[in-house]
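So that you can tell them apart, the chains are marked A, B, C, D, E and F in the order they are listed, and the count of residues begins at 1 in each.
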Amino acid sequence: MSRISTPISIAAAPAASKASLEAVNNLLGTVPNLFRIVANSPKTLEGYLALNGALGQGALNAQTRERIALAVAEVNGCNYCLAAHQYLGSNLAKLDEAEIEANRRGTSSDEKAAAAVGFAVKIVKYRGKLSDSDFEAVRSAGYSDEEIVEIVGHVALNTLTNYINEVLGTEIDFPAVETLAV
Amino acid sequence: MSRISTPISIAAAPAASKASLEAVNNLLGTVPNLFRIVANSPKTLEGYLALNGALGQGALNAQTRERIALAVAEVNGCNYCLAAHQYLGSNLAKLDEAEIEANRRGTSSDEKAAAAVGFAVKIVKYRGKLSDSDFEAVRSAGYSDEEIVEIVGHVALNTLTNYINEVLGTEIDFPAVETLAV
Amino acid sequence: MSRISTPISIAAAPAASKASLEAVNNLLGTVPNLFRIVANSPKTLEGYLALNGALGQGALNAQTRERIALAVAEVNGCNYCLAAHQYLGSNLAKLDEAEIEANRRGTSSDEKAAAAVGFAVKIVKYRGKLSDSDFEAVRSAGYSDEEIVEIVGHVALNTLTNYINEVLGTEIDFPAVETLAV
Amino acid sequence: MSRISTPISIAAAPAASKASLEAVNNLLGTVPNLFRIVANSPKTLEGYLALNGALGQGALNAQTRERIALAVAEVNGCNYCLAAHQYLGSNLAKLDEAEIEANRRGTSSDEKAAAAVGFAVKIVKYRGKLSDSDFEAVRSAGYSDEEIVEIVGHVALNTLTNYINEVLGTEIDFPAVETLAV
Amino acid sequence: MSRISTPISIAAAPAASKASLEAVNNLLGTVPNLFRIVANSPKTLEGYLALNGALGQGALNAQTRERIALAVAEVNGCNYCLAAHQYLGSNLAKLDEAEIEANRRGTSSDEKAAAAVGFAVKIVKYRGKLSDSDFEAVRSAGYSDEEIVEIVGHVALNTLTNYINEVLGTEIDFPAVETLAV
Amino acid sequence: MSRISTPISIAAAPAASKASLEAVNNLLGTVPNLFRIVANSPKTLEGYLALNGALGQGALNAQTRERIALAVAEVNGCNYCLAAHQYLGSNLAKLDEAEIEANRRGTSSDEKAAAAVGFAVKIVKYRGKLSDSDFEAVRSAGYSDEEIVEIVGHVALNTLTNYINEVLGTEIDFPAVETLAV
C-alpha cells in the first residue's frame, strides 16, 4: 500500500489533474500508478509531464534515454523505476536482456552510449561533483553541449521519479526485476 | 569559466531557446547564467522552466520553497544555488539571516516549516529511502498529500539545478555565500 | 500504519509471545508498540528481551546505557528510538535536556561518559572498523575490558531496535522529538 | 593479538562466564575465540547466547540463516565472521562454494532465499531505511510477518558479532576466506 | 600498543633510518612516535621527510599549513594527528583555542584562510572531485596557482600521516584532544 | 583544459621547477602533463618527486607498486592516473590485461599481491580505519613491517597524484581506459 492514496481511476483523481492523466492515457493506453499518485498534486504532475515531454523531444534517442533511466534507477535503488524502465527498455527501446543488465551496471555494449551512461552514474553518485576528466570523457565520446545538458536533464528527471516512488511507496504495476549481485 | 559555453546574451543563444530566455528576462529583469547555460539544450530549458513554473503555482508558499531550495543546495554542496537562493530567500521571500542559516542546516525557526525542510533533507541524503516514521513526521506536522508530493517535486527541481550547475561549472553571478562550519 | 500488523493487545498477540509481553507489561506498566510488533516472531521477542535484560544487569549504569541509546539512534536516524530514549533518558535516567542533546550529538557533559558515547558512535559510523587510537580513547577514559564489551553489546542491542522500528514502521507511542540542526 | 585479552580456556574466563562457555563447548565441541573474548562481559555473553539460541529455534531454516550471516558479514567487512560462516555454511548448512559466493554478493541461486538475503543487505546498507518497494519485495517472495521480523533479528544478531570481532580484534580461528573482487 | 613495533630509540631503528631520525631530533628536539614507526621503512621515512620539508619551504605560511593539517585530520578521524597538530598549531603557529576548533570544523576566523581550509576539506571529503565553483572559491579568495597546488600537496601530506597513524596504531605522544560534538 | 595552466614545455615552467622537470625528462624521455602542472609549485614538485623516488627504491617490486596504483586510482576515481598506470603497468611492469582489470577490482591473480592490493583498497575506502583482522590479513600473506609501511606510503603517494589530477583537471596524455561495469 502506498503512503498516500493512489487514485483508482482518472475519475477519482483531483479535478485539476484529470486532463494530465487523460493525456497520459492517450499516450500509453494506460495510466501507471506513478502518474496517479503524483496526481495528488496537479502542479507537480503538470511540471513532471512537461519536463518529461520536453526531454523526450530532445537530442538523445530513446535507447540512450532508457539506458540512462536504468542506470540512474539502479544507483538510487528504485524498484518501481527499474521495473518500469526494464519494461520500456525492452518493449519500446528494444534493448536486449544483456544490454539492460549492462545499463544497470553503469555501462553499455555500445561504446558511445557507455560514456553517457557512465557520466549519468557519476553525476548521481557524486551529486554532480565531477572532475574535468569525468567531463572530458563524455565530451570525447562525441556528445555535443546540447546533449550533455540533456543527459544532466535526464538524470534529474529520473531522480524525480525515483524519489517520488521511493518516498510515496508507489505500488509496482510493471513486471518485477531481480536484484543484481554485487 | 564554465565547462560548456554560456551564451553571452539572448541573441547569442540557440534560436530555439530565445523565447524561453525572453520569458525569463521578462520575469526576473535579467537572465542569470544558469538559464543561459541550460539554453544550450532548448528542450532542457523548456522542460526546466515548465517544472519550475508549475511548482511555483503549487500549494507551497514562497518561503517554504526557498527554505527547501537552501536546504537541498547545502546537502548537494552547490555553491551557485546557495548563492542564488540566499539572494532570493532574502530579497523575495524575506527570510532573515538566521533563518537562512537554519534552512541550510536542515531546519527552520518555524516549526511546521522545519518539518518540510527536514523531510526534504532526508530525501536527498537517503535518496528517497525514508522510514515510515520519517514520513509520518511530515504528515503529522500538517502537510497534505498534495503538499507532500510537491515537497518531493521541489527536491527534484533543486536537484536538477544543483546538478546542472555543479556539472557544467556555471559561473556564479549572485553574491557568494560562506561555507558553514560543520 | 506499520508495515506488518501490530497486535492491539497481549490477547491479540501470537500465543507463544504472550508470556514475554506479560513480562514487559509487569516491568513497564504498559506494552509499547515496539514489543508488540516484534511479538509477530515469538523467538525474536524472546531473544531481544533476553539480550536487553542481560545487558541491563551488566556493568554500565542506566545513565550511560541511555546516553549510548540516544547516540546510536541518532546516527541510525531512528525516530521511534529517539522518542523512546528521550522519554526514558529524561524520566528514568534523569538526564536533563542539555545532556540529552549532547548525547544525540555524540558526546556528554560528563567526561568519562563522553568517551563511551563517542566510542559507540564511531562503532556505528564505521561499522566496527576503529583505529587503535579510537580504541585507546575509551580505555584511557577508564573503561574496563568488561565494560568495553558491554558498550559494543549496547550498540548492537540498539541497532536491533533501530532496524526493527525503521524496517517495520512501528508507530511512535512516545512523545515525538525534534530534528537536530546539522 | 586481540585488543582485549582472550581467555585461553574456560577455566581462565571470568567465573560468571564459565557456565555459558561450557554450554558453547557442549554444543560445538570447542569454544571459538569469539565466545571467549565476549566472556570478558558475562552479561553480554549471556545475552548474546540467548538471542542466538532463540533465533536458532525460529521460523528460518539453517541455510537461510547462514546465507544472511554471510551477506551481512560481507557488507560490514568482518573477516572473522566471514571465516566462521563460510565454515558453518559449508559444513553445517551444506551450502556449496558457488552459493556461498552468491550469498556474500547479496543474492542466492534459490529465488526465495535471494529475496531474504537482498532484504538483509539493504537493511544493513541503508541502516533500516527501506522503501515500501524494498519491503514488498521480501513479502511478495513469500515470507510471513514472523519470518520478516526474524530476518531483521538475524541482521542484528550478525551485526553484534561483526562489531564485536572488528572492534575487539578477535583472532581468527576458522579457515581464512578470500577477498571478493569488486 | 602499535600494530608494528615502534623503535624505542634512534639506536634501535633500522640502520638506514638513523640519519633521518637524527635530522628529526635536531629539528624538533625529540623524535615523536610517528617518525619512529615510519622508520621501519627507511625509504618511506626518507620520502615523507622530503615531502614534508619541501612543502614547509613553500608558499603557504605556518598558520595556514597547521589549519589545513587540523581540518584534514578531523575529516580523516586521525586522533594522533589531531593531537600533534593541536600541539603544533597552538605552540608553533600560535593559533588560539577558538581558531583550532574552527579549523577542525572546516573553517577559520580569517576569511582567506577559511577558503583554503574549506577547499582542503572538500578535497578530502570528495576525494578530489570538486566542482568548478568549489575551485573558483579558493581562487577568488586570492590564492595563486602555486598556492593551490601546495594546498593539494598539504592535503596529501596529511593524508599520508593520517593513514600511517590509523593503520599502524601509532601510540599518541602528544596531549590528547576532545571529540567535537556533531 | 586544466583548471590552472599547464606549462607547455620545461622552458615555460617556473624557473625553480626546471631542474626537476629535466630530471623527469631524463628518466621518462618525456614530461607528462601531471609533472608540468605540479610544476606551478616548485616545492610540491620537488617533494612529490622525492617521495616517488624514495618509494621506488623501497622493498616492493614494480609489479606490486603498479597494482597498488591501479587499485587506489580506481577507488579514488582518477581517470588520469588510471590511464597512466594502465600504460605503465602494461609496458613497464608487464602486467597483462586480465591482471590490470583484477587490480582495478581490488585483487590480483597472484595470491600474495592480492593481499597487498586488498589492504591498499581498504586503507583508501575506510580512510585508514582498519580492523585488526584487516591488518592481520596483509601480515599473514607474508609482508614484513617494512613492506607494510611502504604499502601505506604508496597509498599516500597515489592519493597525492589522484587528488592533484582530479582537482586541477590535468589533461590526460596517456591512452584512455574504459569504465569498469559495477
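Before moving on, here are some points about what is shown:
Here, contacts are C-beta pairs under 8 Å (C-beta built on N, C-alpha and C of every residue); 3 or more make two chains touch, one makes a residue touch a chain.
Just so you know, these numbers come straight off a predicted model, no measurement behind them.
Chains touching both subunit B and subunit F: A, C, D, E. Any chain that touches subunit A and also touches subunit C is listed here: B, D, E, F.
Between the chain pairs A-D and B-D, more C-beta pairs are in contact across A-D.
Equivalent interface to C-D within the set A-E, A-D or A-B: A-B (over half of contact pairs identical by residue number). At the interface between subunit A and subunit E, over half of the residue numbers appear on both sides, which makes the contact a same-residue one. Spacing of subunit C relative to subunit F, judged by their CA centroids, is 44 angstrom. Here the CA centre of subunit B is 37 Å from the CA centre of subunit E. Shown for subunit D are the residues that touch two or more other chains, namely 3, 77-78, 126, 128-132, 134, 165-167. In terms of inter-chain touching, the protein chains here follow a pattern that is not a line, ring, star or complete graph.
Of all possible chain pairs, the ones that touch are A-B, A-D, A-E, A-F, B-C, B-D, B-E, C-D, C-E, C-F, D-F, E-F. Remark: subunit C residues 102, 105-107, 114, 118, 122, 131-134, 136-137, 140 touch subunit E in the complex. Against subunit C, in their complex, subunit D makes its touches with residues 3-5, 14, 37-38, 40-44, 46-48, 50-55, 57-59, 76-78, 123, 127-130, 132, 135, 145-150, 152-153, 155-157, 159-160, 162-168.
By the touch criterion given at the top, residues 1-3, 77-80, 165-167, 169-172, 176, 178-182 of subunit B touch subunit E in their complex. Every residue of subunit A that touches subunit E in the complex is listed here, in rising order: 126, 128-131, 134.
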